[in-house]
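Take a look at these structures.
One chain, subunit A, links the two complexes that follow: it is found with subunit B in the first and with subunit C in the second.
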Partner chain A sequence: MKAITRAIRPEQLREITLAALIVVVVLFFSSQIQGYFSGRTFNRVTASVAIIAVVAVGQTLVVLTRNIDLSVGSIVGFSAYFVGTQLANDNTLSPAFAIALAIGLGALMGAINGALVAYGRVPAIIVTLGTLAIYRTILVDMSGAKTVVVDALPQWLKDLPRTNLIQIGELDIRLMFGLAVFVVLVFQLVLVYLRFGRRLYAIGSNPEAARNAGLPTQRIVFSAFVLCGALAGLAGFMFLARFGTITVVAGQGMELQSVAAVVVGGVNIFGGSGSMIGAFLGATLIDLLEQSLIRWLRVSEFWRDALLGLLILLAVASDAVILNRLRRIWAQDGVSVQGKPVE
Partner chain B sequence: MLASPDKAPVLEMHHISKRFDATQALDDVSLTLYPGEVHALLGENGAGKSTLIKIMTGIHQPDAGEIVLDGQPVQIANAMQAQRLGIAAIYQEPMIFPDLSVAENIFIGHAERTPFVNWGRIVREAEAILGRLDVKLDVRMPARGLTLAAQQAVEIAKAISLQVRVLIMDEPTASLSAHEVEQLFRLVDALRRQGVAILFISHRLDEVFAIADRVTVFRDGRWISTRLRSEVTPEGAIRDMVGREIGDFFAKTPAAQRGESLLSVRGLSKRGVFSDISFDVHRGEVLGFAGLVGARRTDVGLALFGIEPADSGEIVFEGRPCTIRSPEQAMRLGIAYVSEDRRQLGLSLPQSITANITLPLLRRYAAAFGLLDFKAEEQTAERYKQQLAIRAPNVQVEVGKLSGGNQQKVMLAKWLNTAPKLLILDEPTRGIDVGAKAEVHHIINALAQQGIGIIMISSDLPEVLGMSDRVLVMREGRQMGVFDRAQATQERIMAAAIGGAIPDSPAPRADGEGMA
Partner chain C sequence: MIRLHKPIASLIVASLLLGACAAPVAAPQAPAAPAATEPPAAPAATQAPAAPSGEVVKAEPGKAVKMVLLPKFLGIAVFDQANQGAQEAHKELGNPEKLEFLGPTPENSVAGQIEIVTTAATQGVNAVMLSNNAGDQIVPAVKKAVEAGTKVVTWDSPIPSAEGESVFVAQVDFNETGKVMADMALSILGADGGKFAVLSASPDAANQNAWIAAMKEALKDPKYAKLELLDVVYGNDQSEESYKQALALVDKYPDMELIMAPTTVGIAAAAKAMTDEGLCDKVKVSGLGLPAEMVEYTKSGCAPEFALWSFVDLGYLTYYLTYLLATNQIEAKEGVKFKAGRMGEYTITKDPTREKGLRVLMGPFTVYNKDNVDK
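Our next item is the complex of A and B:
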C-alpha cells in the first residue's frame, strides 16, 4: 500500500481510474456485442470523441476559473454552418483560411461572452445561457433554414475525415483524432508549464486571494472565454468535415456533453482543480458508453440517457466523497498530501 | 534594534483622509515606517486601522493626503502596483490557494520575464526561503489543509520572495495558539533583521509590547500618538485608545428596580468558540456585552437563540431549565434575536415592510383556508411604523429602499411583534446615522421599561456604557468579568477586553488627556 501511496497522488488516481473504467467498458461490451472489438468501433468512437474533446478542452479552461460556458454548442453550429457556406460558395478557398475563419469566429463569440463575464460582472451561467440562444438565432436567421450539403463542399474537406495519420495493425488513427489529442496535450502543457495555466487554477481556487495577489483576474477570465470560443470554433470546423451536411441544429447539446465530459473527467465544477487529460478521458468514457449502448439491444433508447445522467451524478458525488476518503488513506500511510509539516 | 532617526524612512503617509458616505473613516492621519522596525498600530474597532491598510495596499484611494515611498511621492492604484512597490499585507485569515502547491502559492504573484513556469526553480527557491525561515513544509503538496500558522508562514515566504519592503500584518495572531504565536514572532524578528518595515496590528497588548519598536494609536479615524515602546505603558495606550468623552446623548433611564431573574446562564460552552459563560438577565434590565471583534460575543447570542447551539452549560429561562437547540424553540420560549447583519440574516430586502414584520408569525394572520389576511397584516405594520417612527411613505415600500436606521427599526418591529420576553440585540446601531441611533436607543429604553429583558451586544463602547445596567466583557471566547453600571468605565472595560490589568476603582475619566 505504501508503495502505491508514495508513487501517486489521490488526484492522479482519478485519471488512472477513468482509464481503467474505459478498459472495463470495452471488455464488457466485447463480451456482449458481436464484432464489437474491431477497428470499426474504434474509428466510430474516435471520430466522435475528437470533436467533443476539443470542445471539452475549452470548457475546462473556463470551468477552472469557476465559470461555465453554455454557448459552446451554438458556437460549434455557427462556425460549422458559416464556414460550410463559404466553402460551398467558393471551393477554391484554402484549408488554412477555412480553419482560421472557424477559429476566429469562435474566438469572437467567446470574446463577447468573456467581456460580459469578466468586465460586465454578469454571472457566466446567465451570460452564456443568453448567448446560447442568441448565437443560435443568428445562425437560423442567416441560413434561411437552408442546409449545407456535402456535394457542394470541396473534395479535400470530404476526404479529411478518412485521412489517416498512422495505422497500427487494424487500428487507424485518423488525422482528426490526432488533432484532438494534439490539442489536449498542448493545453495540458499550458496548464502545467505556463503562468497563464497556473493562474486559471489560482482564480478558481480562491478568487479573492487572486485579486489580492495582484493577478489580472479579469484579463485571465476573459482569455479563458476567448480560448474556449476559439476551440469551439475549431470543433465546428471538425464537425463540418465529419458530417458535411450541416443543418441549423448542428452542435446542439454539445454544451451539456462538454460539461459532462469535464465533470466526469474530474474537473471541479467550482474551479481550481482538474486536468486536460482528465477531461479528455471523461469525454472518451461518455462517448464510448453512448456508442456502445446504442448497439447493446438490451437497453432501450430511453434508458440510455438516464444511464449517462447517473454516470455524471456518480462522478460529481465521488469527487467530494471519494477524494476525501483517499486523502485520509494517504494521510494514514504517513505520506503528506496536504502539505502538513513533515517534522 | 530601534528605528534610528538617521535612517531614511521607507514609507511615509502624510495627512491621509478618507470618507465613506457619512463616515469619516480617516481624518488627516500620518504614519512613517522605517526599515527594520516593527511598528504597532493600536485602536478600537472603527478607529480606521483597516482603512489605512486598504489605502496602503491600493484597495482604496485616499480622498486627500500623500504617500511617499523612498522619498518619492507615489500613487498606489491597485493591489498589483502595491506589490510592485514592495508593499504586502497578511491578514488574520491568510489568503491561500488551496488547490495550488505550497511552492506555487509562494510564487503566484510573480512577474516573470517568460510565460513559462520553471518548476524546478520554483520548488528550489520555495524550499530555500522556507528553510531560511526554519519552516519545514513539503512545498510540492497542495496547500489545502495547512494549519493557519503554516498558511501564515507561506504568506510570509511569499512576501519575502517578492522582496517586500513594507509588510502589513493585520491581527496575524488572532487565531493562533501560544506556541504558534511564538513561531510567528521568530519569523517577524527574522524579517526585521532583513530590514523590512513591519506594520503590526493586534488587539493583544502583551504581544504588541513584546515585539513592537514603536506604537501608534488611532481613535475615531484620527491619529492620537506615536511613541517608542519604552515610552509607552499599557495603561497609557489604553487611555489613548478610548479617551473620548461620552456625550449625554445616551439618555439612559436606569432600571427602576431589578425585576425577577428572566434568564440564568451557567457555564455555557461551545468547543473552540467560547467557554464557561455565566450571567443573569432580569426583567427590565439591559445587559451589555462588550469586547473586541473576535471576542465571540455574537456566538453566545447565536447559541442562546439556537442558531449555533452550545455544547454544554445550563440555561434557566423563567425558572425552568431548558435546552435551546433551534430558533423555533427559542421563539417559543419568548426569545428574539435581532442580528448584526441586517442584509444577510435579518431582512428580506425585496419584500415590503409589512411582509418583513409579519414573517415570523404568519400563522397568526392566516384566515379561512389559510389565506393571509392582508388587512390584519397591514394594521400591525402601521402600528409599528408609528410606534417606532419608521420613516417610509407607506408600509408597502420595499425594505431595501429604506435607510439603514429605518431598516433597523423594521427588524426591531419584526421581533417585537413576536412579543418577546428576552430580546437579544446584536450591534443594534452599527452603520446607522446619529439621529437614528438616538431613536433606537430610545426604543431600547422603552422596551426595558416594559419589562423586557435585553442583551445588547455592541462594539461601540460609549453605547454599551450609556445603555447598560450591567456590562459583561468577553475576550477571545472567555468571560472577563461583569461590571455594574457604577463600576463600568471605559478604561476598565477596555482593559478587560484587551487583557490588560484592570484599574481597581472607577478611575477618573481621561478628559482629553490623551489628545496629543
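Our next item is the complex of A and C:
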C-alpha cells in the first residue's frame, strides 16, 4: 500500500478515476449503439471537445485562485465575430495575424476583468457577470446585425477544421484538437513547474496566508484573468473556423459549459486544487456523454439534458466520495496531502 | 404623465383633422407639435369607427403614431431586414413620429422584451410590433400596455394564448411550410425518394412543431410515398448543438440521404458539418435558410435547395397593419380587409393554429437554388 501512496497523489488518482469513467462510458455505449466502438466516435468527440477544452484551461487558471470567469462565452463570441469580420473584409490577412488578433482581443477583455477583480476588489462573480453582458452588448452594437458568412471567409480558414495533424488508421487527429492538447499540456507544465503555477494554488488555498507570505496576489490574480481571456480569444478563433457562420449569439452558454468541465474535472470550485489534465478529462467526459446520448435511440430528446445533468452530478459525487476515502488512506500512511483537508 | 400626454393629444388632433376631410388628404409633413395649434375643424363624432367588413381599407397617410418595432433580440440579420421593411412603410405613410427599433441583447431576451413593452406603455408609445420570444410570460406586460392605450401586434412569433395581442402577422401558412419542405425533399432525393431526418430548433418552439406536423401531414399524400422520415432531433438554435446533432444523424442512420432543417441556424450548421466531414456526396441539406449564409453550400451542391420568406416584406406588412389599427382606421376583427401598399390586399382571419388569435397571412415562400441564391 505504501508503495502506491508514495508513487501517486490523490489528485492524480482523481484523474485516473476520470479516465476510468471515460472507459466505462465507452464500454457501456459500445454494447448499446451499433458501430459505436470505432474511429468515427473518436473523431467526433475529439473534433468537438477542442474548443471547450481551451476555454476550460483558462477557466481552471481563474478557478484555482478562488475566482470565476463568467464572461468567457462573450469573449469567445466577440473574438470569433471580430476576427471573422476582419478576415471577411480582407482575405489576404495571414493566419498568424488572425490568431494573434483573437488572442490579443481576448487578453484585453480578460485584463479588464482582472483589473476590476484584483485591484478593484469587486467579487469575480459580479465583475464577470457584468462584463458577460457588456462584451455581448458591444458585440451586438458593433455588428450592425450583420452575420459573418462562410462564403466571405478565406479558403485556409474553411479548410482548417478538416485538416489532420496525423492520421492513424481510422483515427484522425485534427489540427484543432492537436492545438487544444498542446494548450492543455503547456499549462499543465506551468501549473506543476513554474512559480506562477504554484502561486495560483497558494492563493486559492488560503488567500490571506499567501498575502502574508508576501506573494503579489493582486498581480497573480490579474494575470490569471488575462490568460483566461487570451485563451477564450483563441477559442473564439477556433469557433470561427469550426462554424463559419457567426452571429451575435456565438459562444453563448460557454461560460457554464466551461465551469461544468472544470468541476467535473475535479478542480475545486473554492480554489486551491485541480489540474489541467483533470479539466481536459472533464470536458471530454461531458462531450462523450452528450455525443453518446444523442446517438442512443432509447433516450428521448426531452430526457437527454436531464440525464446528462444527473450523470454529471453522479460523476462529481462519486469522485468526491472516492477521493475523500483515498485521502484518509493516504493520511494514515503518513504522506502529506496537497489541497483541502479531509472532512 | 407629460410624456404620455403629447403623442395621444397629437394623435387625437390628427385623427380629427382627417375626419374633417372626406377625401384622402396629403400627408401633413409637419411634426406633431404644430398640429396641435391648428383648430380642429369638425367634432370628434364624425370619425367613422372601422370600415364595414368587406370593404378594403386603404391607409390614410400622415397620421402621427409613435411606434416601436421589437425583435426577439438585436444583432440578427433577419430582424434588421424586418426593420428595413418597416422603415420603408413608415416613410411611405409619412408618419411624422419616430419609428423606433428597440430590442434586448441576446442573453437577456425574455426579460428584456417584457421590460421594453412595459417602458413603451409608460412612455405613451401608440403601438408595439412584437416578435415574441417570451411565450405567455409576456402577457401581463402586454395587458398593462393595452390598458394604457398601446396596441400590440405580433409578427414572426405570436403570443401563444393571444391575450392582449391584436393580430399576428404570420410569415407563411404553416401547412404550406410542410408542403414546401416535402417538395424540396422530393426534388433533392429524386423520383425514387429516400430517407431523411429533421433537425429542428427546440422541442418547445411552437412554429417549428407546427411546421413539422404539417410536413408529416403532407407526407401522407401518395405523391410523397417514397419519402421516409426517420427522426426529428433538436439543435436548440445553437451552432454547436446543431452541428453535433447533424453528425449524430449521419452516424445513427447510415442510409439517410437528406437532413431537413427548418431553422436558419440549424441548416447552416448541418451544411458546415457535412462539408467538414466530406459527407456532402452522401447526405444533402435543405430547409429554411438565409441566402447569404447558404451561398457557399448551395454552390458546392451540399445544400442544393432551400426556402425562406422575405423578412423585409414581413416588416413592411406588419407596419401597415399596425398603423391602420393604431389610427383606428380598422378594427382587429375577423374579415377586415386592408391594403398594404406595394404588397396588395390582405384580410384578417381567425388563426387556425391558435384558439383565440387573429392573424394576417403573408406568404409565399421563395425557393433558392444555385441560380438565384446570390442575387
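Quick note on the criterion: the second predicted complex is superposed on the first by the 311 of 343 C-alpha atoms of A that agree within 3 Å, B and C clash if a C-alpha of one lies under 4 Å from a C-alpha of the other, contacts with A are read in each partner's own complex, and residues count from 1 in each chain.
Heads up, the rule we're going with is that a contact is a pair of C-beta atoms (placed from the backbone, for glycine too) under 8 Å apart; a residue touches a chain by one contact, two chains touch by 3 or more.
Note that the structure is a prediction, hence the values are computed from the model and not measured.
Shared-chain residue A:R298: touches no atom of subunit B or subunit C.
Of the two partner chains, neither subunit B nor subunit C is touched by A:R121. Of the two partner chains, subunit C is the only one that A:V150 touches; subunit B does not reach it. Touch criterion met: A:N206 reaches subunit B, while subunit C stays clear of it.
In the overlay built on the shared chain, the residue A:Q252 is in contact with subunit C alone; subunit B does not reach it. Shared-chain residue A:L215: touches subunit B; no touch with subunit C. Contacts of A:E290 after superposition: subunit C is touched, whereas subunit B is not reached. Residue contacts after overlaying the shared chain place A:F196 against subunit B, while subunit C stays out of touching range. Those residues of subunit B that touch subunit A in the complex are listed here as 57, 78-84, 89, 95-102, 104, 108-109, 112, 115-117, 119, 135-139, 141-147, 150.
On the side of subunit A, the complex with subunit C involves touching residues 35, 40-41, 44, 47-48, 74, 132-133, 136-137, 139-140, 143-147, 149-151, 158, 161-162, 242-245, 247-250, 252-253, 290-291, 294-295, 297, 301-302. Those residues of subunit C lying in contact with subunit A across their complex are 73-77, 79-80, 105-108, 203, 232-234, 238-240, 243-245, 247-248, 251-252, 265, 268-269, 272, 275-278, 290, 292-293, 295-297. Residues of subunit A that touch subunit B in their complex: 192-199, 201-202, 204-206, 208-216, 268, 272-273, 327, 336-343.
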